[in-house]
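Below you will find the structure I want to go over with you.
Chain lettering (A, B, C, D, E, F, G and H) follows the sequence in which the chains are written, and residue indices restart at 1 in each chain.
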Amino acid sequence: MKVYLSGEIHTDWRDQIIEGAKGLNVTFSAPVTDHAASDDCGVAIMGAEDQKFWHDHKGAKLNAIRTRNAIEAADVVVVRFGEKYKQWNAAFDAGYASALGKALIVMHGAEHQHALKEVDAAALAVTETPEQVVQILTYVLTGTLPG
Amino acid sequence: MKVYLSGEIHTDWRDQIIEGAKGLNVTFSAPVTDHAASDDCGVAIMGAEDQKFWHDHKGAKLNAIRTRNAIEAADVVVVRFGEKYKQWNAAFDAGYASALGKALIVMHGAEHQHALKEVDAAALAVTETPEQVVQILTYVLTGTLPG
Amino acid sequence: MKVYLSGEIHTDWRDQIIEGAKGLNVTFSAPVTDHAASDDCGVAIMGAEDQKFWHDHKGAKLNAIRTRNAIEAADVVVVRFGEKYKQWNAAFDAGYASALGKALIVMHGAEHQHALKEVDAAALAVTETPEQVVQILTYVLTGTLPG
Amino acid sequence: MKVYLSGEIHTDWRDQIIEGAKGLNVTFSAPVTDHAASDDCGVAIMGAEDQKFWHDHKGAKLNAIRTRNAIEAADVVVVRFGEKYKQWNAAFDAGYASALGKALIVMHGAEHQHALKEVDAAALAVTETPEQVVQILTYVLTGTLPG
Amino acid sequence: MKVYLSGEIHTDWRDQIIEGAKGLNVTFSAPVTDHAASDDCGVAIMGAEDQKFWHDHKGAKLNAIRTRNAIEAADVVVVRFGEKYKQWNAAFDAGYASALGKALIVMHGAEHQHALKEVDAAALAVTETPEQVVQILTYVLTGTLPG
Amino acid sequence: MKVYLSGEIHTDWRDQIIEGAKGLNVTFSAPVTDHAASDDCGVAIMGAEDQKFWHDHKGAKLNAIRTRNAIEAADVVVVRFGEKYKQWNAAFDAGYASALGKALIVMHGAEHQHALKEVDAAALAVTETPEQVVQILTYVLTGTLPG
Amino acid sequence: MKVYLSGEIHTDWRDQIIEGAKGLNVTFSAPVTDHAASDDCGVAIMGAEDQKFWHDHKGAKLNAIRTRNAIEAADVVVVRFGEKYKQWNAAFDAGYASALGKALIVMHGAEHQHALKEVDAAALAVTETPEQVVQILTYVLTGTLPG
Amino acid sequence: MKVYLSGEIHTDWRDQIIEGAKGLNVTFSAPVTDHAASDDCGVAIMGAEDQKFWHDHKGAKLNAIRTRNAIEAADVVVVRFGEKYKQWNAAFDAGYASALGKALIVMHGAEHQHALKEVDAAALAVTETPEQVVQILTYVLTGTLPG
């Protein structure tokens, strides 16, 4: 099973899931999570821009080569919303995955419940912790529940 | 041409576009923009819920009957991000429309440029004002530029 | 909006919905609800069969010309499960509509809740009465809630 | 060849097919067939619910992560209807598989022939026993008939 | 309902169906049935060819502009096999329509039953006469059986 | 029948086809053929750019709203290659239309035969003059050949 | 590269191609070519039928499990028309493959050129001998021409 | 990741990319780049033609078996426009890849910027050198930037 881990990049939630899922038949993919590299990749390779808009534009498109391929190849897309920032790219990925019919798992704290209701409504599972995602992957692949 | 107007519901930007596009061969659609109705529609019709999560869930799914049908039927999807709130449903719609190959027009102020770079990168036009959207629709349909 | 009314054919629920939705911009479609005609259409037109299996087979395929075209053309598929019979064709239609990405509305009594949990999980709305379906169509098309 | 075994979970028909197909180039998949785990998986991982509807809803969606991925990956979907229960999820799976253009094999006793006529009409083979399914898989993969 | 009438062009079966279906909400389409025009259209418009293969090739491709558009637009494809000739284009159309998921109605005499078994197996109805096709269209659209 | 007229914009070939096709049941669409407007539309509406690349980029994307919608809506795509310029956008449109399965008609002079062999190989008709395109549309829609 | 070998089953053309393509990175698939098994497979496994039509029907559907999966999995579909019989299933396969966008190679003698013009027009290569098919596969995979 | 290298065949840009990408998890594919073989393959295998048009036609279709399969299988399509020739097939491939939703990387010199603006607008990256393509593939697969 191929699982794409989208969204928040400032905590180690991806590592926790990958560590917890050891032994399961899962291949994980993710965006580039080095924030500086992700922001500057476009101009670093294809040349500097005077305007911030085009600086960002080049980078965002370059990152899309990786992210869209990974989402399209995925069986399951996990999208985590952290506590800070707008994280519109996470919601964009959730919409993109949903339109492709991917199984969507959302992860966020209770404080974002109302603001994320449309995203949650498109998901097959709404979670709060990486441990729950590991339990879901374990159950989906082996039929085993925690405890 | 069918145009879906997604996103922010607290200003009259939809009315400005619809008014400005009078005389063009365009049919507009939009989500329900009555905030209270949109939040409570699920429980109002299908019965109350104790938990806020399920209250919202029922409503969000009911609204999805309207919004997904409208996005799928649209030739162009305009998504506006306002100054306030998380607006994750707007970004979700942008991702959904993008995965379906819809022509995407994004509208937002300069202060959101960096946070919306992935959404902008998926768009065919990035605008700031309803007037620009009207000019785009006018040009796309008639070949006429402003001025 | 095109709405297909699938499922139980022994009560007048379709008429109630169609009557209640008068004035809305909806076109309804449905299977042939004349039970005898539906059962015998194949042999009546294409010749008798000795075996009940092929008698039914010819009829079921002939009815599929109507039902599959109608489901594929629909924006919304309403599936009602009545109190009696196996109604596997209703569940089949729900699965068929779901795989095509149609907006699914399910209608059934509380006694079938557990047995229909997979079907309900694929739906955007779960209702009990024709009146609720009318209220949903009214809200989806006009934004107006009951009361 | 990938074969998904959907439907009845109270007899050992899946084991019989898997055992009989040993030596063929087939990979089998199936839903979680531990009834209790399947019913309670949602609340066991994502938290208890007061309402039976949402208890079931969480579980049904979680199971859908597994079942929809498996059906979409399958070349052949076998759906068995047993002697008891409503088994609407089996019929739902048959409809889902059919809309995706999967090769559908149905298995059921003669007593359900009339009630399953629409499902049978969508199938490429209608069988009564696991042995017949093994014979079909053997023939399809090797061209060899029984006897 | 859009119905494409494919196959044999030497008898008036299309006229019989169109005449019989008067009053039904059906739009019929068909290939060019003027045999000479159909054979020579390519060279008549785009210039003569020395080789019969290319003469035919130009014509066949030109006719495909009409036939493929009509099949893709159709809800129902009727394919008639007459008593003479190879009629491979009819079987090609049947396969093309089948892969697109169109409702397929086949018409042929009993003498071709065995040779057409794969085509018949892909059809939702197998008929022998134009009258039967009219009865099918009448039933599918109105629910009314003959007699 | 919907026909998109792509490619060369310096002669009146579109007008000749539209004039010649009067009386046929055809709706024509085309890109904006005002060269200056087409080049400058992006900056005229969304603000000036220092770099020629981004000036062109904004305009090309804006034009794509019109052209992609029109190609996707078309039944037939006619692509004309004139005597001058690189005309890569014409070849791009031909590839785009071809991948979508559109019926492709190519128009060009004999001098470009070898260079356009891959494009011609994807077409259902290769022509040299607007008159031939009119004759093709006439034949496809009415079955009538010239003369 | 996956190549499906459809059509005539009375000569050893498949063996010639498979033998000639040794050393190339190709996987071949084909229908069951044991004529008797292919005709009787349905009743042999699922029970006898009184009517020849249903005898054939059961068999044709069972064979379709193999053939449709193989065509859908193929990159290239080779269809051979022999000198005898109607071979409508070959033309059906060609149409089916064509609608799915498969690369189609047709093989037949000159005597069938006119009757197969629509099938040839849908093909990327028209050949007469197994040796030519081997040369095509060799060229397509290695860039090497014969001689 | 599967990368198709389309376009100009007179310099060693493909070799530079393949060499530079050693160590990355990439599989490259490309058209036949032996110009003479590519031009004459059709007649070499399927027989000579008097007319240059059909000589080219046979070859172009034969090459399409390779190129379309490779583009459809690719995750990323790189299209290089060289300094000379019309290179319409490169632009055709870019359009074809774009309509299929492939990640498109374009490579060309500054002198072609304006003429390629529509192609560039459909790309996720616009480059000038093979080294930049290698850097992009390295970043996309490993997250590592040059320097």
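In this text, a residue touches a chain if its C-beta (ideal position, glycine included) is under 8 Å from a C-beta of that chain, and two chains touch if they have at least 3 such contacts.
Chain-to-protein mapping (UniProt): A, B, C, D, E, F, G, H = YtoQ family protein.
It should be emphasised that the depicted structure is a prediction, and the values quoted were computed from it without experimental measurement.
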Report task. Superimpose the Cα trace of chain E on the Cα trace of chain F, which carries the same sequence, then give the rotation angle to the nearest 5°. Result -> 90
Report task. Please decide if copies chain C and chain E contact each other with the same set of residue positions, more than half shared, or with different positions, and reply same or different. Result -> different
Requested in this report: Scan C-D, E-G or E-F for the interface that duplicates A-H, counting it as a duplicate when over half of the contact pairs agree by residue number.
Outcome: E-F
Query raised in the report: Quick one: chain B and chain F, Cα centre-to-centre, how many Å?
Result: 31
Query raised in the report: Using mean CA coordinates as chain centres, what's the chain F-chain H distance in Å?
Result: 23
Query raised in the report: What are the residues of chain A that contact at least two other chains?
Result: 61, 64, 126
Query raised in the report: Can you list the chain F residues touching chain E in their complex?
Result: 1, 75-76, 103, 105, 123-127, 132, 135-136, 139-141, 143-147
Query raised in the report: Inside the complex, what are the residues of chain F that reach chain B?
Result: 32-34, 37, 40-42, 44-46, 58, 61-62, 64-66, 68-69
Query raised in the report: What residues of chain G sit close enough to touch chain E in their complex?
Result: 52-53, 56-57, 59-61, 63-64, 81, 85-100, 112-122, 126
